[in-house]
Amino acid sequence: MAYTVGEIARALGADCAGEIDIAISRASEPALAGPEDLALAMSPAYAEGLAKGQAVAAMVWPGADWQELGLRAAIFAPRGRLAMAGLSAMMDAGPQIAPGVHPMSVVDPSAVIGANPAIGPFVTIGAGVVIGANARIASQVSISEGAQIGADALICQGARIGARVRIGDRFICQPGAVIGSDGFSFVTPEKSGVEEIRQTLGQREEIKAQSWTRIHSLGSVSIGDDVEIGANACIDRGTIRDTTIGSGTKLDNLVHIGHNVQVGQDTLLCGQVGVAGSSKIGSRVVLAGQCGVNDNIFIADDVICGGATKVFTNVPAGRVMLGYPAVKMEQHIEMQKALRRLPRMAARLTELEKKFSEPS
Amino acid sequence: MAYTVGEIARALGADCAGEIDIAISRASEPALAGPEDLALAMSPAYAEGLAKGQAVAAMVWPGADWQELGLRAAIFAPRGRLAMAGLSAMMDAGPQIAPGVHPMSVVDPSAVIGANPAIGPFVTIGAGVVIGANARIASQVSISEGAQIGADALICQGARIGARVRIGDRFICQPGAVIGSDGFSFVTPEKSGVEEIRQTLGQREEIKAQSWTRIHSLGSVSIGDDVEIGANACIDRGTIRDTTIGSGTKLDNLVHIGHNVQVGQDTLLCGQVGVAGSSKIGSRVVLAGQCGVNDNIFIADDVICGGATKVFTNVPAGRVMLGYPAVKMEQHIEMQKALRRLPRMAARLTELEKKFSEPS
Amino acid sequence: MAYTVGEIARALGADCAGEIDIAISRASEPALAGPEDLALAMSPAYAEGLAKGQAVAAMVWPGADWQELGLRAAIFAPRGRLAMAGLSAMMDAGPQIAPGVHPMSVVDPSAVIGANPAIGPFVTIGAGVVIGANARIASQVSISEGAQIGADALICQGARIGARVRIGDRFICQPGAVIGSDGFSFVTPEKSGVEEIRQTLGQREEIKAQSWTRIHSLGSVSIGDDVEIGANACIDRGTIRDTTIGSGTKLDNLVHIGHNVQVGQDTLLCGQVGVAGSSKIGSRVVLAGQCGVNDNIFIADDVICGGATKVFTNVPAGRVMLGYPAVKMEQHIEMQKALRRLPRMAARLTELEKKFSEPS
């Protein structure tokens, strides 16, 4: 994974200057960089760090005086994090999985596996599974009957791909993720308390003891291209139709997607987000960590929800939300300011009442 | 899994009409249904979908004019979701696990496995384990020493059943669930900050640097009949007694149950619910997604908590709760309405004070 | 695991009295205790339970009249939970993992495993892994290339230790935990909506359709000594430097630690806590269940956050926090009290306005 400064700049489409033949073996924080590292100093705040470290080459901000910074070569990154994306892709060795299919795996003879696979030990691949070319499947993964996975997949240790799940190209699945668990769908013989309070908003007539009968999940999960699923995240299968995740969408660790949910394209669902059954999330939505989405609602395109926002009702396109229950971010900030002043305000009201009732 | 319309109606105890010998191979949404599908049109809202699809048979609402809807056969479902439960159970092929015990599993010779098992590859079953008849155990599951599991269990890929866990009949465990992890229980040599603020509600005298000593979990987990545990959910073992989950209770994905917790019967704990150590949840309770329950409290029977409710104190039977901290749902709605008007109300108070202080 | 009363008292450094040669085979709750059990009655509240059970020996509170309680031997525990820690460690048989390396495991020839290992079936250990003495590694665990683990580790079923992760001595890892998943780090070609609203706090100029490019995680995870990680918890690797967890820190089930996060020493992160990328948590911090920490912030030493606290900004050392957004616990309690009275207060304000506007 060694490249010259010039090769890196060319791959990133970035300008460079100085001794561009210097060889780079890894990327480092400026203060910790050794002489073979490319220091990442994409803003002037890192100049001091550069002086502490031993880097002779760095990725710097546009217009940086690289020679003044003590460097012998520099790459100019107009948008630092974007350059970081390209650089990190070049430098990532990826997981070590030996080419071929490990003899201690169990692959059904009817499974069709594309060219150039690397499948680790203790993997199970069920009947009728179809996997595209260049698949990297780490140890202890299970892929159940009838699942279809596109080209260039990376599926990490212990991930579970359920029966008949369909996944596009360039899929990345972190360890322990479960795709295609059964939906959480139960019904009582007569109207349940939950059904009742959805109508009455909290009033209950009469409480009956009832047990739950399971609604089986006959659907599966459909996932587009370029999707990434985080560690120990869970996506339930649909009841009749598939639960769907659009192309370009990324799910972080421990995210929960209920049955029948439809998620659009290029959407980010951050750590521990939960989406209850049958809700629909648009494209380019961002739900920050620990957001929750009620069942059977619709979050339109380009919505952004701040951390731990709990959404109970539909949200129109492009809105920025915060709070429990979710309101517009500006409104949330204003409400919270007022709430912090509320104890003092209560005292002021009492005082005013007192004054008013006193004989003047 | 093909049945005639008549067979399905009989199994569901439902009325039917028309050409009841039509064969059905699967259930579908009305608009997507093919000629061999049973369209699910359990309310008049689906009539339009029926016209778009090609179904000749459907499950319809009571009193529907099925011939007018273009159908040749109909099943009448007085309670749609309940009929759906029965139908989905008939149509669910279940996971493909070959009968017998896969040769690439490791089963301790002292384990007793009931009649008719289907145990997949890379499964481990420890010493003294007892499993009832008709067990279906998917690949990569581990069942530790001394665990006891009743008849008709379905345990999905990579689930972990800990040592001495006891489980009743008809258990369903989704992939990756962990039953019997150690409790999170630590103690400092002297009083800790957490112990102090529980008494003072926020005041701290003096902060000492202390390390945590582990309290080991000597208890296990006891689970009744007809329990289902969601994907990647975790149930900790008890300190001395077992953590308990009552019969008929269902846990969704990523639910966390702390040590010593006791959950009653027919209770639903939805996605990402967390219950801290030593709390007690009654029977027929419903905690919606992302609810949290403090340690050492009691939620009585028939309580329903809306999404993301955070419960810090005991809740009496039958109450409907919402909010952080949890209050009665009606009160929460009223409080939130008032909070949204609070910024305006603050301005009104200021104005009134001004008027009052002005010479009239 | 049988000890005499005297042996237990000596191990705990506690006083004892009576027939200290009585043999104890396990610890029990007083009311359920049999004649060979040590009843745990560390406060007078348990006296009644003792009468119901059959214990002849008990661990009791200091000064208890053990003979009056019907006991033949007693151990006096000045700090009950601390005594419980010592006792439970003595009584815990630990998981059954056969000594040696199970033949159905795949261990890379370049891995170095210390003396006296117990490694179960279906485990994978990658190239260059170094593991200290006395390792207990349960079935289906994966330890990837280059990982280093200290002495006396206990790694439970299906845990995932990622490439180049470094861990100290006496590590305990519950089932299904994932250490070293990739960070959730993505960038758009041009400024994203999230970047925009961080500056404007909610206002968006223009919404562009953009896709996300992945920033690979080149760093790993570094973990100190005496750390415990809960079931299905996830710790992401760092982008350039390692994500770090300090010595003595304990993570509960389903905790999520984002990339680049730094956690200090002796900190407790309880069930379902989430810490977003690049934040820093001090030493001796306690985050109760379901707390959330925003990205790029700093929670200083000795902070305690109550259940489900959502922290959006830096928190100074020693502070006790609660709420969403987090405020000081006392302030939160005062605000919530005022909020509960707010609907009534709104009515009072309206009444006062009416009175004021009336001709007096």
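List of remarks:
Order of writing sets the labels: A, B and C. Residues in every chain begin at 1.
Operating definition for what follows: a residue touches a chain if its C-beta (ideal position, glycine included) is under 8 Å from a C-beta of that chain, and two chains touch if they have at least 3 such contacts.
Just so we're clear, the structure is a prediction, and the values are computed from it rather than from any experiment.
Both subunit A and subunit C derive from one sequence, and where they touch, under half of the residue numbers involved are common to the two copies. With angles rounded to a multiple of 5, the C-alpha fit of subunit A against subunit B returns 120 degrees of rotation. Chain centres here are Cα averages; for subunit A and subunit C they lie 23 Å apart. Shown for subunit A are the residues that touch two or more other chains, namely 104, 122, 140, 158, 176, 232, 254, 272, 290, 324, 339, 342, 345, 349, 352, 356. Only residues 26-29, 32, 40, 79, 81-82, 84-86, 88-89, 91-92, 95-96, 102, 104, 120-122, 138-140, 156-158, 172, 174-176, 226, 228, 230-232, 248, 250, 252-254, 266, 268, 270-272, 283-284, 286, 288-290, 302, 304, 307-308, 318, 320, 323-324, 328-330, 333, 336, 339-340, 342-343, 345-346, 349, 352-353, 356 of subunit C touch subunit B when the two sit together in their complex. Only residues 104, 106, 122, 124, 126-127, 140, 142, 144-145, 158, 160, 162-163, 176, 178, 181-182, 184, 186-190, 192-194, 197, 201-204, 207, 209-218, 232, 234, 236, 239-241, 254, 256, 258, 272, 274, 276, 290, 292, 294, 310, 312, 324-325, 327, 331, 334-335, 337-339, 341-342, 345, 348-349, 352, 355-356 of subunit B touch subunit C when the two sit together in their complex.
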